[in-house]
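One chain, chain A, appears in both complexes that follow, with chain B as partner in the first and chain C in the second.
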Partner chain A sequence: MAEPGATQTLGSLASDLASTSLAMARRFAAGATLWCWSPEHPEHAQHVAVEFVHPVIVGKRALPAVAIATPGDGGADQLRPLVASGDVVLVGGGGAAAAGVSDVLRRAPAWGATTVWMGAGGRPPAGAADHVLWLADETELAVHDGRLVLLYHLLWELTHVCFEHPGLLGADGACEEATTCITCSDEGRLAEVLAPASDGATVRTAAGIEDIDTTMVGDVHRGDLLLVHAGTAITLVEGGP
Partner chain B sequence: MTDFLYPFIEGDERDGPSLLADLSRSAEAKAGESMQLRAATRTDASADLAAAVEAMAERFARGGRLFTFGNGGSATDAAGVAALFVSPPTGRVLPARSLAADEAVLTALGNDVGFDLVFARQLIAAARPGDMALALSTSGNSENLLIALAEARRRGVLAVGSAGYDGGRMAASGDLDHCIVVRSDSVHRIQETQAAVMVDLWRGVQQALDGPELGVT
Partner chain C sequence: MKFVDEYRDPAAARVLVARIRELAGEDSFKFMEVCGGHTHTIYRHGIEHVLPQNVELVHGPGCPVCVIPMGRVDDAIAVAETPGVIFTSFGDMMRVPGGHGNLLEAKARGADVRFVYSPLDALRIAVEHPDREVVFFAVGFETTAPSTAVTLLRARDADVRNFSVFCNHVTIVPPLKAILESPDLRLDGFLGPGHVSTVVGNHPYRFVPAQYGKPLVTAGFEPLDILQAIVMLLTQIREGRCQVENQYTRIVRDEGNPRALKMLAEVFELRPHFEWRGLGFISQSALKLRPELAPWDAELRFAVPGVRVADPKACQCGEVLKGVIKPWECKVFGTACTPETPIGTCMVSSEGACAAYYNFGRLHREAAVTLGRASA
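Take a look at the complex of A and B:
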């Protein structure tokens, strides 16, 4: 999106918003809660949540959405006990500098959450979240001048349009788009270690909590991210905090 | 808001691509409306905005502090305005804070004296002559904002407001020093334009403080 004041369009952001809205509507229809975290600009996470919880348009349904206010890098520790499988985690801001934001986005698949990353400036790498809604911004002012607010207003408006199409809300978007879905197939599901044990660990995956064998990857620690196949950890993706 | 959509067949509907195309078109149209409202507001409210910039720059130059407030999404937008002044991407750091930021204060006042007074009471406690109060509203009719702006005016605190629709009671009130009206009946488009106007206000204050008359180092 170009600078305000000029003639412009959303460009590819329009279709990004459309697919994100449909995915969120499907998750809400299945009972999801939306968790919002924007550590550098907590007001945006709160604004997103209040849009969904208390719609400005009379007659639109109130949806469960919550902003968490944790500053700095503490998001994962606050979100982990709150986020349930099937929920949506929306994070705002960041880029390479925001270690806490990327940390949440890496872990959320192990919690079973769909992720949305919204912000402005340097665009995150492809695949950093399930859905990326990103504004080009040279000025660092897009977070203040209403362009970011416009994005999440549109996200709310389009999500509610989707609710008027109940026949399209049954399928889960997470499993539609790719021919191989690592969340649902058994080939390398992401797991977060809750508690190590001898030759094994209790881990959390999108499917729930399970005990796995860790012989192939050696010692693991609380918070480690592993790829699990058929009850066995096959790769250490990333060490814990 | 959905009359642009194709007719659909309730629970039997299966045409996802058609819905996605409709959603994209809708997003484009709404973004276009938002940008048009910005441009129109910058024209219509330019005199009010310039006057507010001048008054606020003078106050900041003399050590005045900015208190921002609103309700709901406007409260978060007001917090964003305070953040822009106090930790700007460039330029001078200026004292500003949101009156909705402290849950203890907000719930204590709401519970004990009523929600209509949650902002006014904080101004009574914290503000002094030469400070500034900035209220954001879409309707222009929020009782707690109007009471706070009247209290500000009484105390020599500059009372600035922005409201949507026709400006509502804010525009009609004699208690505001400056009122910036965003003429729209869409709450979302109003808030987006208010944010843009607040950046204009901030930029104008920054430029005025760097100018020859107010220049402070």
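Take a look at the complex of A and C:
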């Protein structure tokens, strides 16, 4: 069992845990699959997936979850064909694989996925993932000594707690999008290029596959990230969204 | 992109709010957010009410649907009701009231009015219906104008003659100037628009500090973006600087998108003047098609009444658009004017200040009044 200090650390993550578990419960309720990837510590990805696929107690739902085992730079290529719009991508750690992890996290919004990033040590910058569960005061040791395990056990249990409040499960960010006006909101949706064409490209966005015009951004290549407004790419996203 | 919870991290927000409080001290500051998307975020997340009371946000003219004058809506309806026309528009323009109702009502009367997501969809309809005239109702700032430009160039290159554009594109700089010269308003700085700036860059705003001595910070659309941009504005003021700065560096480049700007110059030219709802006529503030594209200019191809229509007497959209009054201070707000039955345009688009406040802001305000953080 974790030491008292660890409990205090987790206590400071209460609101992060609550909002992450609610977001995940909403996604599961709408039919999501959880994709887990932890290139440096694949055992954690497998552990998270195992927890979610078995019911927390008899009579509870088993939640669909899959761990993928891919080295640090191959995550995007393996996850892209697997992840459907509405799914959840949970990645662990970073370390030497940080570039590959960041690459997955910046592409996932174009796949329509909610992202969760778990780890310990220096906290990633704001916006690196939809939800960051980070043992920020800890060293990397937390990844090995059970504190990270405790964190995702809590996430799993709290996700099930959210299922006990079905009234909470209906609202989701996806509904919010419908209330905004593309013209006035100065919309810019993230898109990932699937196939360039002569005067445009077939791209993937959170809303699905669509053909867009790319005249304004010049040549595009498979995997490029773009911002799209009214069916037209307005800029290439270089450093990440 | 737009709804990343991590950009809504309450702990990070508290740190930024504390910094705002510290920088503001006892002095009062009034900043205008130019963009309707910012207004939406501010009301949706109750940002006004986490700020200290001496740091006020006022809402600018950045909702292009809101600034379309009634006469132009009547012109659109006249074109839509021309026999044989398929009239296409973004969804939010459908409910904008003109002097003779709105486009949805014209549709109910029998006009073929269709909602499209992109002007390219309108061009596609034209190609599919060579026997019909297809008109696209173009509205929006420089974020949207390039997609109209691309579409027009495609129509020209493919010689699609049954397609035309009723152009109402507006530009962001002239209304900023008009606001800066308005005697009604004392502002200490601006939150510059986000995605408009991906196209125009940050350079066009240099006149704001240079000529008017006000700082401007281009900002993203998440709550933390807006709070951080306010910190940047206050920091400039406290350090005695006055500059254009970019908070939204993850997307906006100083030079904008040169390719898009070139395309805009190829397709459009500035109108000598254009009427803005609530702001009156502003010179060189809107775009029209260049003479070379006359065959695709709906204003030249159709009989457009071009009659100026005064706003309803009860409507105070002008004052709201200039940030002189808050939405709830309009006499008809929430009574005669609601999103279901808008009197003014600010109540139509969800980014319009009145609709955003009606949908979200009033709840935050009621909570803030209850907590004693705002006056009733």
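Quick notes
As a working rule, the second predicted complex is superposed on the first by the 208 of 241 C-alpha atoms of A that agree within 3 Å, B and C clash if a C-alpha of one lies under 4 Å from a C-alpha of the other, contacts with A are read in each partner's own complex, and residues count from 1 in each chain.
As a convention for this text, a residue touches a chain if its C-beta (ideal position, glycine included) is under 8 Å from a C-beta of that chain, and two chains touch if they have at least 3 such contacts.
What you are looking at is a predicted structure, and each value in this text was computed from that prediction instead of being measured.
In the superposition on chain A, A:G127 contacts chain C only, with no contact to chain B. Using the contact criterion defined above for the overlaid structures, shared-chain residue A:I57 touches chain B, although it does not reach chain C. Once the two complexes are laid over each other on the shared chain, residue contacts for A:V217 go to chain C alone; chain B is not touched. In the superposition on chain A, A:L150 makes contact with chain B only, while chain C stays out of contact range.
By the touch criterion defined above, A:L79 reaches neither chain B nor chain C. Applying the stated contact rule after C-alpha superposition, one finds that A:V193 touches neither chain B nor chain C. Shared-chain residue A:S15: touches chain B and chain C both. Shared interface residues of chain A, touching chain B in one complex and chain C in the other, are 15, 19.
Chain A contributes residues 15-16, 19, 23, 109, 126-132, 173, 176-177, 179-190, 199, 213, 215-218, 227, 229-232, 234-235, 237, 239-241 to its touches with chain C in the complex. Residues 1-2, 5, 8-16, 19-28, 30-32, 34-35, 38-39, 42, 72-73, 75-77, 79-81, 83-84, 89-90, 98, 138, 187-188, 191-196, 198-199, 202 of chain B are the ones that touch chain A when the two sit in their complex. Residue ranges on chain C touching chain A, taken from their complex, read 1-7, 9-12, 35-37, 40, 62-66, 90-93, 117-121, 139-141, 143-144, 146-147, 150, 153-154, 193-196, 198-199, 221-222, 224, 250-251, 253, 257, 259-260, 263, 349-352, 359. Partner chain B is touched in their complex by these residues of chain A: 1, 4-10, 13-15, 17-19, 21-22, 41-44, 46-47, 50-51, 54, 56-57, 139-141, 143-147, 149-150, 153-154, 156-158, 161-162, 164-168.
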